[in-house]
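Read through the structures below before going on.
Below are two complexes that have subunit A in common, paired first with subunit B and then with subunit C.
On to the complex of A and B.
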């Protein structure tokens, strides 16, 4: 197990740097590197417009990855992300078709649907002790089925409410898309939750040693379940934002988010087996993944090549982190 | 084996031990918990390598890098802990290391024949070779384990507490098998805590104590009392604080009535008073751990009644046990798995059992946390450079202090300790003994399981000795002596010498 090779924080000299995992620094370093490479290709990569545009795209992934990170911190995994994202988007749009009341409730309805799926995931994982990898895969399939039944297999006709569009693309602060503001709010809440509450502390405890946490009298099952509920709600919220961005929901719009969300969390230095990781790392991971995807597409590399490079970068970085932990 | 030593870190588990076994004889090895028996057989079976000394087989020096190498040389060991895979069949388990093959596939027919042969040799032909091990009872599983050893055709057979899980009928079976093997010229090393078994089987006996060989003698040449003396005779260091003589309240802080669990705990009743340190004694694995876990609400399906301060309490899980009137704490035996989150900071670890005492409405109050953490570090004199460093940076003794401190932060009224002093240096132990007594004097009820008899004698006002899941004797005051403890632990009914 990993307990033998516990990394001791070496950066003790600088108080500001304490607790910052080297992985987080590497991720930020890679972001800079990408920007430099991009800038050599085209000046536009350093323009505020481009960077804000990237941050907007990153914000959807950022919201989704927040939930993914908490589940990974527990030592579990949530594979139901794709269709929870889609369900959140579709249900919010569906609620919008019920007149003015529906329009008001659209966002909460979308989030609630995701939270409900999360509840099923969490209950099965925590109380029925089914491995989360299986349960979340199953709920993903079931949700997909439900959504296909709902739409009859066609693209849904409902469109996003103005509120949803405003949340994703409006500009409360000039030139800064609201999606970014939303992500900042979610991020601040997540940092507070993880670092300053008993709930967050318990998540880390369970991820490190569920047995020790249980024997310390922590209600581990409730914490695990609530974390899945939170993750479901956040995934669905990401879907709601996406629907706002695209003005409507679409089949399988969430498919493109499972791997990037997990990759962002892990590239940000969160331990794949749980217990260790900081939200700052997840932010870095999300930005890194978004930039990488953007630069690859701007460079007009073909889809196949993009996938290849994307996958290879993730593997190489994980290998790098693995080496580090062994020290 | 001669002059064999083994050290684990700073602890010498075995020092210059000699043992020789002869074909056609049964050699019994005796000793207290931690006397070095297990290490000795692990070395013989190639599980661990000795630091010094040599092993000779038929006069030739040998060294085994792996258990498989020892097996190949004909040395086979039946360990105390079962090594069977529950989801495979008895036959699969029996021939697991060397299955008969045809064209690279396992030959089921040959496998079945071999397994049947082995089971018959163990006197248990009634076990179907294709029965899943998980469906067998504990005693039957142990028999499969023995059959597995026999299938390897041992020249030296080592049985480590092999009968402790067996029913009386299976014990008779095994005895028959062992005697037959002896007649066939197998050398047998037999480890058991059951004196009557040794009296029946052994030809020679060797006593170990503190990792050293104390004596080898022909079986029957010493009385039980003499053997017990050989096993315990060590200097007695006075590292314990004086016991208190204050009167205790009438109503027990906690009482258990008829606790039973899954055949491992049998009808246990006792009570615990505030201000009292009660010891749990007996040999390793007689249900002491299960009893503590059952009281702490960890085990499912415990029957019986627990009363806290005279009122029935239902303690469904550790969360319920630590809160409310019970205010219980369980100091676990394995701090690395059950007590600490090693990569997390000392301060965080200290707070885990008392999160609601350093927070309000779920939000952690940093100043309250810092205050409490500092108080605990002070109280237990934990050597800490910075409480924000990972707890893994501390020494073993200090880590154990963190585990205890984290529970004291919750102001417990009943403290259960599961052999907490293992692997801790004497100085720290002494501090912790004093701490236990201080807690008791402040009105905490303490139940203290220890495998170290000195500790039980030095610390406890009362000692309950467990054997086979039941409390067989309760010793009080001056009656707590090594003789009495060892005799009760072995469940020998003789009276201790005056």
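On to the complex of A and C.
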């Protein structure tokens, strides 16, 4: 495609950058466009406070989308995001009600619950060879059932620990919310994992052709399962952060994260059938979606209009560059 | 092999679904406090038909190796639309019904156009269009409300000749009018062919695109019929996100229980209908045995998880490990 005019091309040698530039460029272009439109609407749009606030909101989606991306890279999909997010938040808050020991363990407990659900997803997908789309829908339903039984159908009374609140809203670096720092840490770890480890390269290999990966000696089933565990843990961690942000867990708090997480990954140029995509694209997708949601709410468009525009934008952007090859 | 053996091999899964339903229903009816009466049948029929329509919609798309995660949202949209226009005199009501069905078919057509001509993945497409349909539903009914022609609603949910549930009659009529001609037509056969081997079907000159498009349109239409029925039961329209996504989820559960292959190309909408009836009966069993209703979502989720795990039995037949990877 286009040749070396943008910073993206400095890192041309990185394997993750191959063949993804157009999509990532379009995504970043759309972010600029949204900022310009927003700035015309209100001056505050370009202020550092507003942008940092947006990054903080984006960080929750960013953490969740990291897991979603790894699963999509495998050529699978994780539809259990909504209730894994909620379960992570609820279990962390539940642990918090067990005194000082619980308060220390709250965050790990939440992540562990998500990882356990991911383990079920991964085992069924990798070893039982059931389509991931169906399994994750089923585990989503089971998790919802468990949470309904646990809470009795109401929002739980337990609240988030100070540590969770600090993770989401505190400011370790002045003016930069910790949520953003957490996302940066997760992002660096994800980029390292995907590009510099055998595990990450195996994910790409499996996404391209699992048969070939298997014949090259990769234990593909173990890698698929571990990726789902990782994705479950990350979704739950996103839920923990959200609970820290809202200082409590709520029923169906995760419903609003399934479509945005998948959309962010796919808009960032990751191929829906797996095997291709860069984390930079996912970052662009997450920021793009957060900005879009923010602009729609700043313009005081009601929920109905937001859903409509949101769905339409995703379809149109996918039509622009997410198409499959003709038969 | 004799003819009936081919027939048996092709319809094995559907027959298993029918047997499963009969088994569940006998347990249900024999333990029901009121016993096996026309009223018990009517109540369970009304609840089950709704899901049966959505399950048929889902099955028709899954047979082409696609998936429609927007069925629940089309149902919600049809419900909200029906609560506006299925009112007034008989003529107006009929026009309203036609309008709702048309809206459903248009939603399906949008899905089909994007999936086939836009060449996008059905999962992502239908999640996104589902959000759009929900948005429209919310525009129509920001708050629950509206009404429906109650004479018609009561007739459609009552009993025929004092015995037979009218909703069942409607379900059978829809199967006879929509599914039977479709599955026997060239387009329906092409849909099966596209589901089992799209490339081969294309090379044999079958109308693959038309078949897939028809499948999505029918899916939208059947979901809209489900939405109409929801309006007949509830007398109101409500844009509820949770109920929409629950119907989508249950439709997949019903399809799996009904023996439709998730890889496409095998199974029938009739199997899915019985899968839906069986799934509803399983849910109702909890009430018969006096469980806390709080446990119902968990129980249904576990049933779904077990049902999809059954397909793993096929792994035992695999001789070559490479067959693990499609």
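By definition in this document, the second predicted complex is superposed on the first by the 301 of 327 C-alpha atoms of A that agree within 3 Å, B and C clash if a C-alpha of one lies under 4 Å from a C-alpha of the other, contacts with A are read in each partner's own complex, and residues count from 1 in each chain.
As a convention for this text, contacts are C-beta pairs under 8 Å (C-beta built on N, C-alpha and C of every residue); 3 or more make two chains touch, one makes a residue touch a chain.
None of these values were measured; they are calculated from a predicted model.
When the two complexes are overlaid on their common chain A, residue A:275 makes contact with subunit B while staying clear of subunit C. Counting the residues of subunit A touched by each of subunit B and subunit C gives the higher count for C.
Of the two partner chains placed around the shared chain by superposition, subunit C is the only one that A:314 touches, whereas subunit B remains out of contact.
Applying the stated contact rule after C-alpha superposition, one finds that A:125 touches neither subunit B nor subunit C.
Using the contact criterion defined above for the overlaid structures, shared-chain residue A:218 touches subunit B, although it does not reach subunit C.
Of the two partner chains, subunit B is the only one touched by A:198; subunit C is not.
In the superposition on chain A, A:133 makes contact with subunit C only, while subunit B stays out of contact range. Residue contacts after overlaying the shared chain place A:306 against subunit C, while subunit B stays out of touching range.
In the superposition on chain A, the residues of subunit A contacted by subunit B and by subunit C overlap at 211, 214-215. Interface of subunit A with subunit B (complex): residues 3, 6-9, 18-19, 196-199, 201-202, 204-205, 208-209, 211-219, 275-276.
Residue ranges on subunit C touching subunit A, taken from their complex, read 67, 114, 118-121, 123-125, 127-132, 134-139, 142, 198-199, 202, 208, 239, 241-242, 245, 249, 252-253, 256, 262-263, 294-302, 304-305, 308-309, 311-312, 315, 321-322, 324-325. Within the complex, the subunit B residues that touch subunit A are 296, 298, 317-319, 321-323, 330, 332, 336-344, 348, 351-353, 355-356, 359, 362-364, 366, 388-390, 392-393, 406, 410.
Touching subunit C in their complex are the following residues of subunit A: 77, 124, 128-131, 133-135, 137-146, 148-149, 152-153, 210-211, 214-215, 220-221, 252, 255, 258-259, 262-263, 266, 272-273, 302-312, 314-315, 318-319, 322-327.
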